[in-house]
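Next up: the structures, one after another.
Paired with subunit B in one complex and with subunit C in the other, subunit A is shared by the two complexes that follow.
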Partner chain A sequence: MKTRFVGLGEGYAALFNAQRGGVLDPPWLAGRRDDAFARLQQSGLPTRHVEEWKYTDISFLAGQTPAAPVGDAVAVDPARLPMWHEDDLNIVLVDGRLQQELSPALESGLLEWARLGDLGKNPETTPVAAHPAALLHAAFVHDGVLVRIPANAQLARRVHILLLHASLTPHALLAPWVAIFAGANSQARVVITAYSLSDAACLHLPRVMVSADSESNLAISQAQLLNTQSWQLATSRVELQRDAHVAHLEAGLGAALARHDLTAVLLESGARVELNGLYALDGKRHADFHTLIEHRQPNCSSRQVYKGILAGKAAGVFNGAVRVFPGASGTDGYQLNKALLMSREAQMFSKPELLIDNDDVKCSHGATIGQINPQELFYLQSRGIPEAQARHMLARGFVEDIMFQQGDDRLRADLDGALDRYFAAHE
Partner chain B sequence: MLRIKKLKARVKDGPEILHGITLTVNAGEIHAIMGPNGSGKSTLARILAGHPDYEVTGGDVHFQVNGEWQDLLGMEPHERAKAGVFLAFQYPVDVAGVSNVTFLLAAYNAIRRARKEPEADAFEFRELLVEKAALIDLDPSYLDRAVNLDFSGGEKKRNEILQMAVLEPTLAVLDETDSGLDVDSLRIVAEGVNRLHAAHRAVLMITHYQRMLNYITPQFVHIMMDGRLVRSGDAQLAHEVENRGYDWLKETA
Partner chain C sequence: MANKIQTEQLQQRGREYKYGFETVIEQDTFPKGLNEDIVRAISQRKGEPDYLLEFRLKAYRWWAQQPAPTWAAVEFPPIDFQDIRYFSAPKSMARPVNEAGEVDPILVRTFQRLGIPLREQERLTGVAVDAVFDSVSVGTTHQKMLAEHGIIFCSFSEAARNHPELVQKYLGSVVPPTDNFYAALNSAVFSDGSFVYIPKGVKCPIDLSTYFRINARETGQFERTLIIADVGAEVSYVEGCTAPARPENQLHAAIVELIALDDATIKYSTVQNWYGGDAAGRGGIYNFVVKRGRCAGKRSKISWTQVEAGAAITWKYPSVVLLGDDSVGEFYSVALTNNQMQADTGTKMIHIGKNTRSTIVAKGISCDQSKNSYRGLVRIAPGAENARNYSQCDSMLVGDKAAANTFPYLEVSNPSAIVEHEATTSRISAEQLFYLQSRGLDTEAAVSLLVNGFCKDVFKTLPLEYMVEAVNMLELKLEHSIG
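What follows is the complex of A and B.
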């Protein structure tokens, strides 16, 4: 018989018990934590024989001994980070914990905020999903920040939430939680960056929850810049009310293995969501993007474009599901997934899933897997550009349109810096 | 400056296309190559630039760099550009996602580095580019557009001339840069070529039409047929071809 799940090693229970004793959880959080861990212990972690995990093996994590991020850590001076901008509304979490003294935005008066542990009730509207990343997060969540953008506010400054990995402890388990609540008719730009200062491998389990109230307009960007030893299992949920608009961009440029399950729920009519993604992988790195868009009400639109650059023996997975509920007439859905293979051994697995329960919908999807066009390459070389540089320019050009999606020059420059480092590693 | 001797070449794993081309181009000279469709003109041009589709099966090509003869065929395409060879493509390639200015800055600095000249920063380079673009009547907005993407046929040709003007090669190989141009564009492109032309540079232009030669006067005109240069002469030969076609040359081949 094929083993579909493997039991969690004892290290998880030990860490759970140690953490549980030390955390001052409000009752709802403690209950949620216990429940999630019990479920996790019962289910274990999936192997590749589970359809949802067909291309991504996380079962090896079950045998590891996760550690608390205590002990040595890299000193954190956010101002020295490449993506730090003094005039952003900066909020910093280090190794999963909110650092108020490093988060001047909290004192700015422009945002309402709360710490996870200070909340009287669960801000999440849905129960913890039967999903290993969601369960792991719920069981081990350390700390988190809830940011509320007041109704009608138009934030001129970006909100930048940095999830820093500083612990030098190998296999540190970090489970930060971020919730963004955008009030009705508000407008804001939020960037969430996961970044390793440490070279040690960590298990990063972030959860991001976004709620966009009616007529709000949000640009949410998630940049994953962990070191290339680390593993990330991320879950995000974006909920949109009437006529809300969310432009979500994710950039997966780090980690040895990264899986992101991103769900967008169009709860009321007139909501629009865009999910754009870009990623760059090399070596034996692996990234898996699972998106799910739920069209629950009429006249909503969704658009998703994911593009990846894969070098070496890297593997990418894109599984994009669009679900149209029976009442959701006038749905407009578009999905495109493109991969550029820079080597013979790189691999891409792409699977669209359209689950449509309504006749009056317009949904299309496409996927392409290609290589550098030799004619374009020769054209660049014929002008004096060496082959490696020409290949990088073409690969950079491949994701160019995604870089511009958020209309955020700062983000683009930061991602360009990360892409430059990625390309430089292959010269 | 360029010495092609008995050059034979084929498409990789394909039939032989060039059956022994011999041609010498000296500094300061302008040569034109004419010939029927499919005779091998572009193949010769692409081989000079180092296109990977072709394999040289005989002969050699030498190119003079700072007075020294070098084996052109042994050089990578980017090295040839750095040595001073420029090919204006018959069909310029469009490159999505890479802007004209990004592309040209990379090329310009690669060549500057090779010449041990200081590299330009993006700001000064844009000034240079705007100036050069004005000379060929190309709107500055084209500089920020993706290379050749959605450019009209004539705009692509002018963009080739812009690149040539920026990179200042010593040997410009122009493959039908005059094809598909309206009269004004033809004049602008020809002026661009004439501006570049100097005693230490040479031009090898492939064309089907005598009219380009009204603006740029070649000292030598060569006729290529079926992979061979069958006749060479002065500008008068171009007129003759225009009037009589190529059939009368077949016997001499």
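What follows is the complex of A and C.
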């Protein structure tokens, strides 16, 4: 028989117990934590024999000894962070914990906010999923922040939430929680950046919950810039009410292994969601993007474009599902996944899925995997551009349109900078 | 109200499954259940050489250790494998059938009703037929003429006796007995099927075909087809199948293995019309089939065309392993489900050789409360330089309780590959329907025209007679599905 799950090593129980005594959880959070850890101990971590994890092996994590991020951390000087902009509404979490002194936005009066541990009830609308990343997060979450954009507010300034990894402790387990609630008819831009200041490997388990109330208009971006030793298992859930619009962009540019399970739920009619993603991988890095869009009500639309560049021995995974529920007439769903293989040993696994239970729909998806077009390369070379540079230009052009989707020039410049570093490493 | 009843009656009649009759014939049937003794008994009954018995036992022992797979997007109660009879043959088959086709007249009439003439002089179409009735082949036509070309076309049992060197060399070489649960089950208990060998450089002058008929109750049909196209050979092969309409489910677990050597071409077409159960979802065949071809030689080509219009549950993926350089794999499929039928079908294209190419065109139509899933794998191995794949999967939904899923898997490990996948899901366009109706076509004719247009890319790859049959079959199934 194939081994489908491996049991969690004792290190997890030791960390869980140590942490359980050290935090003062409100009752709902304590119960949720205990329940999640019990479930996790029962299930263990999946191997590649579990369909959902067919292309991504996280079973090795079960044998590790995760550590609490204590003591030795790199000092945080936000002004020196590559994506820091002074006039953003900045909120900083370091090693999973909210740093109020580094988060002037909280005192700006433009946002309502609460620390996770101070919440009287669970901000999530659904129970913790039977998913290893969701369970790990729920069991080990340290801290988090809930940001509420008041109804009818039009935030002129970006909200930037930084999830910093500063601990020098190897295998530090970091589980931050970010919840963003946009009130009715509000409008805002939120960027969530995961960034490593430390060179040590960490296990990063962020959870992002977004709720867009009716007629709100949100641009949410998630940039993952962890160091290339670290592992990330992220889960995100975006919920949209009537006529809400969420444009979500994610950029996967760091980590040795990164998996993101992103679910967008169109809860009421007229909601629109866009999911865009770009990733650039090299070395032996592995990135896995799992998206699920649930069309639960009539006349919603979703659009999804993910593009990636794979060099070295990197492997990319895209598993995007569009699910249309029986009552969701008038659904319009579109999904595209494109990958560019830059080297002999790079690999791409793509699995775009459509699950349709209603006949009044218009859904399509496409996927392409290929290499740089030799004619385009020849053209650039014939104009005097050296081959390496020409390849980088073409590769950058391949993913760059994703960055324009968000209409956020600041974010685009920041991501361009990250891509510069990516290409520079290949010269 | 009266009108509604009338419509319902019409629907009943419209959807009547014309192959749903049962032939009353004395059958020699094994007791229910599966164990090593049954496996030995099947082998003994067929007078098989020892290597085949060993092959069967090995498969059985592996199978007995395995849990039944459950990953497909289909739902059915667990199958009790001890409640099935694994062998059933007409008693008259105990007597040897002579070359002149002295088959039991009851069987001849049965196949006549199915439109399959066993007596060659009555045949009009240019097709040679091997007719399989439950667990045995009851007759193969045109053998003499084919033999003049050096072509072997016979039942599997005959091949095992007369051509052991070929059978031994190729049996299980594409689908190993331990490939998967149902492949192992088939390898243990397979009873008959067709065997084709096309020698070097020969283009088979007529289409070859097998017609599978399930008749006996409580039995399963487990046939095996093995087709070998030697260097430069070419063959077009067609299979058809039907079963009586019964309120209980019956299992059909077959294996088809194709081997194409250098420059050989095999075209394999299926028109599957097993009984699919009634509107309440009672009865019908469970069609769990493993079909795989190996493009072993350079510049070889294997092309699958399937029209899946029957069976309560279809679970199959005709695949091609593209081993030889410059080999070509094709998969053209129309899967139509109505009532409460479920289909999880698609293909696998495994690119191993250089410059290999594959094309996938899959059309799914789900009506009523049925569920239709496309599941396909395109794998480009690290050494498959310049591999090329194009896949297109379109689903059409007819009725708001129907479901359509698409699960493509693309695994690319070579940068010189170009892999493209496209899929769409929608219902019949209201504008197109309106246009046709405004030109005087009634709803049904308009729907039928649109569906045929939707499936055209697949139908045109079928041999002519089968194309006509497929179109008729689809029209019959679609009747009254549009409300």
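Simple rule for what comes next: the second predicted complex is superposed on the first by the 427 of 427 C-alpha atoms of A that agree within 3 Å, B and C clash if a C-alpha of one lies under 4 Å from a C-alpha of the other, contacts with A are read in each partner's own complex, and residues count from 1 in each chain.
Criterion: a contact is a pair of C-beta atoms (placed from the backbone, for glycine too) under 8 Å apart; a residue touches a chain by one contact, two chains touch by 3 or more.
Note that the structure is predicted; figures quoted are calculated from it, not measured.
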Quiz item: Regarding the shared-chain residue A:S350, is it in contact with subunit B (first), subunit C (second), both, or neither?
Solution: second
Quiz item: Looking at the overlay, what does A:L116 touch: subunit B (first), subunit C (second), both, or neither?
Solution: neither
Quiz item: What is the contact status of A:D360 with respect to subunit B (first) and subunit C (second): first, second, both, or neither?
Solution: second
Exercise. Name the contact category of A:A179: first (subunit B only), second (subunit C only), both, or neither.
Key: neither
Self-check item: Partner chain(s) touched by A:I385 [first = subunit B, second = subunit C, both, neither]
Solution: first
Practice problem: Using the touch criterion from the header, give the chain among subunit B and subunit C with more contacted residues in subunit A. | Solution: C
Practice problem: Answer with first, second, both or neither: which of subunit B and subunit C does A:Q375 touch in the superposed model? | Solution: first
Quiz item: Is A:V191 touching the first partner subunit B, the second partner subunit C, both, or neither of them?
Solution: neither
Quiz prompt | In the complex, subunit A residues that touch subunit C | solution = 1, 51, 55, 326, 329, 339, 341-371
Practice problem: Quick one: which bits of subunit B touch subunit A in the complex? Just the residue numbers, please. | Solution: 49-52, 76-78, 80-82, 86-87, 89, 92-93, 95-98, 102-104, 106-108, 110-111, 114, 146-147, 163, 167
Quiz item: Along subunit A, where are the residues that touch subunit B in the complex?
Solution: 374-376, 378-387, 389-390, 393-394, 396-401
Quiz item: If you look only at subunit C, which of its residues touch subunit A in the complex?
Solution: 67, 71, 382, 395, 397-427
